[in-house]
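Below are two complexes that have chain A in common, paired first with chain B and then with chain C.
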Partner chain A sequence: MIWRFVIAFFLLFMLGPILLVVLFSFGSNALIGFPMGGLTLDWYAKLAHDTGFHSAFWASFIVALATAILATITGTCAALALTKAAPKLVRSALAALSLPVLLPPLVVAIAIVVLFVRGLGLGLGLPVVILGHILVAQPFVILIVMARLARFDQATVDAARDLGASHWQAFRLVTLPQIASALIGAALVSAAISLDDFIIASFTIGGGNTISTFVWGKMRTTLDPSINAIATILLVLTVGLSALALRVSKYKG
Partner chain B sequence: MRRAILLLAPSFTVLIGIFAIPVLLLFVVSFWSVKTFRLQPDFSFAAWQRFFTVYGDLTLYTLAVGLAVGLFCTLLGFVFAYAARFKAGRFGDLLLVATLITLFGGYLVKIYAWKSILGADGLLNQALMGIGLTDQPLAFLIYSRGAVIIALVHFLLPFAILPIYAALRNVSETTIEAARDLGASASQVLTRVIVPQCLSGLFSAFAFCFLLAAGDYVTPMLLGGTSGSMLGQFVLLEFSTNFNWPAGSAMSFGLLFVCLLVIGALAAMGSRLMRRSPGAAS
Partner chain C sequence: MTSQYTPLLKLSGLSKSFGAARAVEPLDLAVQAGDFCAILGPSGCGKSTLLRMIAGFIEPSSGSIAIEGRDVTRLGPEKRPTNMVFQSYGLFPHLTVAENVGFGLALQKKSKDEVSQRTEEALRLVRLEAFGQRMIDRLSGGQQQRVALARALIMRPKILLLDEPLAALDLKLRHQMQEELRRIHHEIGGTFIFVTHDQSEAFALANLVAVMNQGRVEQIGSPSDVYLSPATLFVADFVGETSLLAGERRQGRVTLKAGPHFVSAGRDGPVRAIVRPERVALKSDGVPAVVTDAVFFGASLKVSLRLPSDETLILRSSEADAAARYRIGDKLTVGWEDQQVIDAGPG
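Up next, the complex of A and B:
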């Protein structure tokens, strides 16, 4: 019985603040507070006409898409190499590749800026944001794909090779179809990580905005109630992507 | 072997090019100097000196916040993971889904939510005034250390729950039943059977939450006010406003080294404690 209260308390603490933001994105009052006023879609309508939000949305879309594709490629390659490697090598490679996730993002972001601006004399911009996001997304891809490969029947690949398939043919015709759902799951998780990131994007984007740096701009300057609506859109995107990822990778094995 | 190296090449190229080299360069920059807003290669300890003299107290305070957040997250994460594993029955999976939603719930969104809850005209103050506990808004709810710690615990709790839950899933029921059959009380089962078996999960949860909390700057910026500011904000200040990259770099690495020292010390203490108590052998 007491555990019910404990669990209810936790759910309230974890989900409550997030649900509040969603709730108030449909309220007509300018600030979060009760009574919340009538139900309205005004804040969403306002966003639909906001050109600043449009460009931020497209920037986020491009970055998330590029991150999803590229991190899935780099991570899957690594996972394929590591499933056949010695356990000791696997542990150290995984530790090295996970290091960027374990350090404060502030340090990672500043280091990237120092390299591109001072070290290489290059500018910042969306390509740099994408590189930064690949760096933090690829360890997750590796974990997801390796988990799938652990339950993978290597004999099917060996059979294909015995029957004269090249490495590439065996991968494309035998391995890939079997691990495709895990790859889609990994790509969706990478996109969610990219959309959610604020710190790396805000340092490396140079000019312009992604959705999260756009929200930041609004949070710092005015108490603009359309933040609730943007936050809800962002939430629906990241939670939707990760929920879809869970479903996809669970359904087919 | 050659194929393995080729397959590892893309991810390690990103790791080395976008992480290892930049981080090393950043470390080197901490020994450079700044003359009239221009960065010059040098071998100077001025930036490190600035870190220890100007920012020493703030670093200790930042560590304290990180430790508090790490401890709260580990403790609460254990309680929640324990409930999901042993007490929730078939709802255990649902609790994990709730955890994943909070995990992906958006970093800025969460901070913004706490700002709306704790602010002077926020929900909590409205509620307190509504039921007549206070007749004017409590100002200390927001812009304080407490607000920063609450928001950071909320943000990092899912990161603590997941490794602890993974560790608890490996605790077999047979060891628990065996302990019960041999007459162990509920608290003995917890402290001498369950906790020792998920110690590594607890420790990695703590280390991760501690590191990320100590390195955060957005939460204290929006919720900390003057009394709750943390080192990360000043790293940003040195980098952007002061254009003192060496100082910002020395502060980043200084904080990182001190954090790793704390984690290392705790790990050493933990393993020593484990060896001393005979009941804790796993």
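Up next, the complex of A and C:
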């Protein structure tokens, strides 16, 4: 019996703040606190008319889309190459490729600025944000696609070749349709990772905002409930994308 | 093998090494149009590597492959007039049965009518005409096997290659598919080459058998050649249940350790006599032997006998009262009609 209370307490402790954010985003009290007042969609309406939010939203959308597409392409190429490599090489390559996941995002962000901006002379801006997000998302793509390729029947590719398909035709007609759901899943995960990021974006965006840097800027000046509305939108987007990704890629455990 | 015509498939000095390991020793093989050829050997003998070289999936380390006199050694699998039935079938799980079968023709940009008509024909040939719209995972193992066969045959290959085609099927289905393969081979008059580790399967299907061991072809010949006159000890041992009896040849006369001696021309030195179990029978003035085991197989009784030389001799009897005649521990005398003698080298 006591365990139920413990579990309930921790669930409340972990999910409570998130629930409050969602709750307050629909409350009419401008001070963020109880009593929250009546239910309202005012804060969402306010966002709809906020040009700063508009540009941040579109920047995030472009970055997430580009990250999803590019990270999925490069990650899939890497995964396909790794399935042909010697097992010993695969282990060390995977360790190296997964490094950005383990490193603190702050370090990754600094490294990206040092390499792309100081080293290669690229100006700060969305392209560098996208490059940074690809760096972080790509390992996830590789792992997802490799998991799918592990139970992929290579004989299907051989059979296609035997029946007259070129390498490219065999890939397009036989490999791709079989791993498509994993690729869509990987793309959705990449988009979620991109939407989620604050540190890399804030270091590399230069002028302008993504949603996360926009919220951060807003937090420093005013604390009005439209932030709760943005947080709720982000929550729905990232959780929704991840859930969709799990569903599409039929990921089990 | 000694035809004056160009053989359909001619392998000359073909070999394959993976690093330092020789998977296939240089070998020559000629297969005539209409042949049903079995490449027979234990697992790891290089038979699948050989088949995949013929198909174009593995590049040979040396030698050449010619089909109808044309050198195809450097061609990729998509450019060779061969098609293959894979051991795991390699069916496309995202396509229907009909789409699987029509895959190769669709790649050739044949008209829709031709593809669907020939797909129908191919499915009829393997007796799956009602299954065209099914997905692959809704088929049994035997049905998947037939789809793989139809998908290869629809291409009208000069040579159909089959990699352990029946290994994944249970015994009864395997016998059915053997009959089916014989029927199809007869109906379309094609040339089939298949790889197997099962000698009964090789004998049931093939008119030409190549026995492989450790990357080397030990013997090429008709099933009866291979069975009745094995060229090497390995072939004798691998093909059928034979007994190998040690002996010595001196001036055209072989004396076995077990006792019997007989005339046999050849080099002086140690030999092995190969004795077929069905040739062994009770004989009043024969070699003394003790029954150590007797196994009833329905159609026949397999009896293991210990000879005075401590060697084991296998006897197979299909007489109705065999079980009563051979009981474990019985002492009796046996003889055999004839034997094959092979030089055995020292030791």
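Basically, the second predicted complex is superposed on the first by the 238 of 253 C-alpha atoms of A that agree within 3 Å, B and C clash if a C-alpha of one lies under 4 Å from a C-alpha of the other, contacts with A are read in each partner's own complex, and residues count from 1 in each chain.
Here is the rule we use: a residue touches a chain if its C-beta (ideal position, glycine included) is under 8 Å from a C-beta of that chain, and two chains touch if they have at least 3 such contacts.
Since this is a predicted model, take the numbers as computed values, not measurements.
Chemist: Sticking to the clash and touch definitions up top, decide whether chain B and chain C on chain A clash or fit.
Modeler: Aligned through their shared chain, the two binders fit side by side on chain A.
Chemist: Between chain B and chain C, pick out the one touching the greater number of residues of chain A.
Modeler: Looking at chain A, the partner in contact with more of its residues is B.
Chemist: Which partner does A:162 reach: the first (chain B), the second (chain C), both, or neither?
Modeler: After superposing on A, A:162 lies in contact with chain C but is clear of chain B.
Chemist: Give one of first, second, both or neither to describe whether A:242 is in contact with chain B, with chain C, with both, or with none.
Modeler: A:242 sits against chain B, while chain C stays out of touch.
Chemist: On the A-aligned overlay, A:11 touches which partner chain: chain B = first, chain C = second, or both, or neither?
Modeler: After superposing on A, A:11 lies in contact with chain B but is clear of chain C.
Chemist: For A:118, is the partner it touches chain B (first), chain C (second), both, or none of the two (neither)?
Modeler: After superposing on A, A:118 lies in contact with chain B but is clear of chain C.
Chemist: Pick one for A:48: touches chain B only (first), chain C only (second), both, or neither.
Modeler: Neither partner.
Chemist: Write the angle, vertex at the C-alpha centre of chain A, between the C-alpha centres of chain B and chain C, to the nearest 10 degrees.
Modeler: So the angle at the centre of chain A is 100 degrees.
Chemist: Can you work out, in whole Å, how close the C-alpha atoms of chain B and chain C get once everything is superposed?
Modeler: Comparing every C-alpha of chain B with every C-alpha of chain C, the smallest gap is 14 Å.
Chemist: Once the two structures are superposed, pull the chain A residues common to the chain B and chain C interfaces.
Modeler: After superposing on chain A, no chain A residue contacts both chain B and chain C.
Chemist: In the complex formed with chain C, which residues of chain A make contact?
Modeler: Touch residues, chain A against chain C: 153, 155-166, 169, 173-174, 177-178.
Chemist: Taking the touch rule as given, give the residues of chain B at its contact with chain A in the complex, in rising order.
Modeler: 3-5, 7-12, 14-15, 17-19, 21-23, 25-26, 29, 39, 76, 79-80, 83, 87-88, 91, 95, 97-117, 121-123, 126, 154, 157-158, 208, 211-212, 214-218, 222, 232, 235-236, 239, 245, 248-249, 252-253, 255-256
Chemist: Under the touch definition given earlier, write down the residues of chain C that touch chain A in their complex.
Modeler: Those residues of chain C that touch chain A are 55-57, 76-78, 82-84, 86-94, 103-104, 107-108, 148, 151-152, 155.
Chemist: Please give the residue numbers of chain A that touch chain B in the complex, ascending.
Modeler: The contact residues of chain A facing chain B are 3, 6-7, 10-11, 13-15, 17-18, 20-21, 24, 31-34, 73-75, 77-78, 80-82, 84-85, 93, 96-97, 99-100, 102-108, 110-112, 114-115, 118-119, 131-132, 134-135, 138, 142, 167, 192, 196-199, 212, 215-216, 219, 227, 231, 234-235, 238-239, 241-243, 246.
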